[in-house]
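As written, the chain order gives the labels A, B and C, with residue 1 at the start of each chain.
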Amino acid sequence: MASNIPWMTRLVRMNCFAKQRIYPIAISIFQDGNLTLNHVVQQQRTYDVKNDSTDHGENFSISPPKIENKPTTKTITISRAMKAYMERAKSHDNMMKAEVADYEIGKRHLANIMGEDPDNFTQADVDRAIEYLLPSGLFDKKARPLLKNPYEIFPKRKVAQFSLDGRPLHWLYFTALPNFYSILHDITCKMEDLKALEDKLLSENKTEDLNVPPLNLASSEWLTYQQLKDKFVEKVQEKDYQHFLVMMERLVSHPLSHRELPFIMAFRNMLTNESLDTNPPQIEYDAEGRSFSCAEGTRKDSWAYVKLYMPGTGKVTINGKDLSYFTNFLYRESLLFPLSLAGVIGQVDIEAEAMYGGPTGHCGAIRLAVSRALCAFVDKDVKEKLRLTGMLTRDPRKRERKKPGQEGARKKFTWKKR
Amino acid sequence: MAALRQYSPIVNDIHRTFLTSLSAIQFRHLRSSTGHRQTERNERELNDSDSFRVYEIEGLRKSKEEKKTRRVAPKPFAPRYRSMPVDQDWTNVWPSAATFKWATVPFPVRQGYIKSSAENEGVIPAKYGNLELMKGPNFLHLTPAHIKKHCAALKKFCTPWPEGLETDGKCRHHFPVESITSDYVFAAPSIRDERARFVTIKFYLSDLELDYHARDKFIRLVGTRYNKDTDEVTFESGRCPLKAQNLDFLKFVLTALYFESWKYESWEKLKELSDMERYFWDLNASRKKCTSLLRTIKSLDDSSESNSDKLNYLPPDVSDDEALCSLPEVNKYKVAIEEIFNEGENIDTINQYKNAVKTLLNINSDVV
Amino acid sequence: MEASLLRLICSKISSRTRFFNLTLCNETVQQISRCSSTFNQTQSEKFRTAFRTEINDPRHHTLDHVGLYYQIPQEEVNGVLKTTIKESDMRLMKTFNEYCLMVRKPALELNGYIKNFNLNHPVPRFLLYGLKGAGKTCIMQYTMQHFHRENWIILHVPWAGRWVRGWYKEVSESSYKPGRYDTPTDGAEWLELFKTQNQGKLKNLKTTSEYIWTKREKAEIGTPLEEIINFGQTRIKFSSDCAGVILKELRKQAPLLGLKVLVAVGAVNAFYVQWDMLNALKNSEKKRLQPGEISLIHNFKKMLSPTWTHGVAVCTADVFANSELTRENYTPLYVLKQEGFEALDPFVPILVPEYTDKEALSNINYFIDHNWIQNDHGKTDEGKKEIIFVSNHNPLSLHKICSSL
């Protein structure tokens, strides 16, 4: 303790429970620091260490509580709630430390069991090893055995929102949603600032600054309701979320909104280009030098494997038969769709093998496989068209199971009064 | 009194030693389990005041202070994995297949479905006492190190692959008959298993020396045991109690079938058209119809004056069936029709038949 | 009258909408077609040449006309082709108010065989086989029209499957031969068909032997065949026998009088493969009848054996005349079974393939011309490709698909 400073206030950035969030906590350290205060300092150090190791960036700052920085002779008493909190935090922290140590040693053990190098044993290796040693066919992957960093297993905890003397840190503490409302406040402030700036520019006749193209946010979308709740760790209501969206949209529609782009982007998800992410099938050549591509597709219970030759003559073979394999025209039409979209009707030869399920599943699976195989030959625009029309998406619908106590998946037994 | 008080610690000590041993003896033979407790209480009383102790009769007066002390469970040993070195030999820890043991598995694996954060505080259950982990199968006994050890142990039983049997073709040439047997190893008082008696032998029919008749008879005798597509014959037997007997039996069956196939019994002459294994045009009505048709055409051709559109390939004399059938046009027709029946219909065989009929009857079109 | 019609022709294609045509009587349409030939310079006429040929006589068709439509005159539709055209096709043709058929290669091939054949030889058999809806019957129609124009006598069975099935059909034991069964209604129906299809060709035909129907009724030698037909139609009890008499007389007299006879049987496999479904014909003892036990089929089978000359037999193999469980394939042996194959052997199998691209396009263009395809996308090249893909080149499928466009 620096004895020449009568007291000091430190802002501790705690990031142990919230992986991507930083919450400020103010801890006043008195000159006659006793054991409890020492402990607090120690705790702060450990948090700082964790902060380094798990900080993933992408934080938003919440304005720190304003604590007046003037000397006082009054002894600050620690409230009972804060004491209890610190005890809980300490025990939790110790438990987490033990868990992490266990995990690190366990990982080395696992590497040893699998005969691999413990120093270069990644989480992917761990997952593979666990899948081999403890195989599980449980349908839900969440129900299968796993070995993960404890920070991914133990849910995050909210950090104390009040100081040692029991005063709330946040000026909006009593709104019950301090983080959320502070953001709304920020939006309003920024909006007002922009308006003022706009007036100023207009008065100075700097129209070229105003006539900038509007923000293009097509490549991103707003955080979902759930994501917003997770971000604030607060029980935000659905209607509050709508309110938030309305305010953000208003901010975005302002002509000078590009000045607040970083702030806006903190609340948006970047959209990834799906068709570019999936690795398309490659063009191969058979013995006769014909170029073809292969792809698999599924729909309901069915599975299909398609070999698509291009250029071709429009010949279709499904399980050794031609298109008359499908007696219903609807099925043939659905097979036609990707070809017509790519404009290659009569220019490709399709050899398909379909198994399991019935004709609907077969045609859906073949359609998906054909669309995927086409991706090898067509250009980016067509690929994007295929993706947007859902040709590259697997139809996730499955047969719903029958429930006990009723006749089918949804249907109930006939109800008779007596 | 003051003097006494002054020495009171000493007095107390003496008293204490004396009384302790006394009460211990006194109570031990009465109630061994409460002896220690009683001593403690007396001791406390002696410490609290200098008054004389009061003899307390057990059970006479219920004391409020008396509490049942709970027996402290012995602290469990630290689980085994705590003392494991990180570079241990896992095959010694987990030598054979066993149920998942939380204390032996050294990594903190977890399993269990957490519906929401309300369930188990949102934490996936750890391995301690985790039934899910115990229920599922594990391969902790089949790690790469295990497999290496197994292979090393088995290696002394292995012999090099015999020379001259490098390819499947050579194997088939030297060992045309393949026999398949099974042995069953399991933990039971008996080393016998009923299923071990089954013997299967396989061979290719083309490896046997058979002529057309014998081959046909062999196929008819073995029935469904012959696979037409692969040309393979499969016999299976479990009728005798021992494996060796079954193998002998199958060898006998094979020998008997072979020699039986070569025999030509008198009743085999009674074979009718419907009994035929293939379509023989020479035996069918088709040949008779064809020759009579050709004869009719010949007579009609002879009687007509014009020379056009006659069947020119017919010889002047058509009375002999054999001569007619040996004509190339008729022979082509014969081959075509036999192929349709024996090899099945497809575009090739049907077109062959069509062309044969066209040449046979002199049917032509400008458009083909 | 004529001037107004010309204006109609020269106006836009909309004048050919089916709604308009429905209101016209056939006579008017023929006038229109006659007029239109003088105006072949108009735009719609140019467009029509892509799928249409001016040569309406099948005798003059060559390979150049494959895939093109030609028109059949009304009197032939009501005469030689009566009841041969499928009901749904007939409806379509009535809607279009013209009777058009496509020239196809197997038809030209078949007619070539028949034209070149030496009729002094015993009857040759031609078997048309192909997938369902590939156009076997249409090709038979084409051949019938062709040889009708060359004055051949046509013996036609539209679909032999009808003769072996029927819930309420009367079946009586033949008075001519016990163990054989007559189907009087079928017999009378066939006599009627025979009469319509061969109008004006039977005048000189007379019986060459005496036929005794009952104690009192008989046909003397020299009775005209038309009288036999009339007798069969009035006394339908003897209709099957009358049909037998006609067939027998034709077999006998064809070489003598130099007649030419075309036997055309649809679904000939019904003659040889027993129909074993519930509605099979049964005798009074509830026993299912073999095809050969039915007099009409027995008589027609004789026409398909090479025991007579100056005739040609054309048959189709329709797997739908067989039981439901045996319809996987369409090849001759599979459809006819061994018995049928051996009965027809040696015959010339002619494959009726599905449409080629050219034929399918021609069909679609024909439909577009008649505003049968009204969807704008269906009229584009891309739309046509799509229709052909979905139909899989099958004529029947193509018709079904286009009916909703």
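One rule holds in what follows: a contact is a pair of C-beta atoms (placed from the backbone, for glycine too) under 8 Å apart; a residue touches a chain by one contact, two chains touch by 3 or more.
Please read all numbers here as calculations on a predicted model, not as lab measurements.
Counting C-beta pairs in contact across A-C and across A-B shows that the higher total falls to A-B. A summary of chain positions shows that the Cα centroid lying nearest the centre of all protein Cα atoms is that of chain B.
Work out the mean CA point of subunit B and of subunit C, and you get 61 Å between them.
Spacing of subunit A relative to subunit C, judged by their CA centroids, is 69 angstrom. Taking the mean of the C-alpha atoms as each chain's centre, subunit A and subunit B sit 42 Å apart. Multi-chain contact residues, meaning those touching two or more other chains, do not occur anywhere in subunit A. Touching subunit C in their complex are the following residues of subunit B: 284-286, 289-290, 293, 296-297, 300-301, 304, 308-311, 333, 337, 340-341, 345-347, 350, 353-354, 356-358, 360-368. The touching residues of subunit C, counted against subunit B in their complex, run 63, 105, 108-113, 115-118, 120-122, 124, 306, 309, 329, 331-334, 338, 342, 345-351.
The touching residues of subunit B, counted against subunit A in their complex, run 81, 84, 86-88, 90, 100, 106-114, 117, 121-124, 132-133, 136-140, 143-145.
Those residues of subunit C that touch subunit A in the shared complex are 131, 382, 385-386, 388-390, 392, 394, 397, 400-401. Chain contact summary for the complex, subunit A toward subunit C: residues 314, 316, 322-324, 329, 332-333, 336, 339-340, 343, 345-346.
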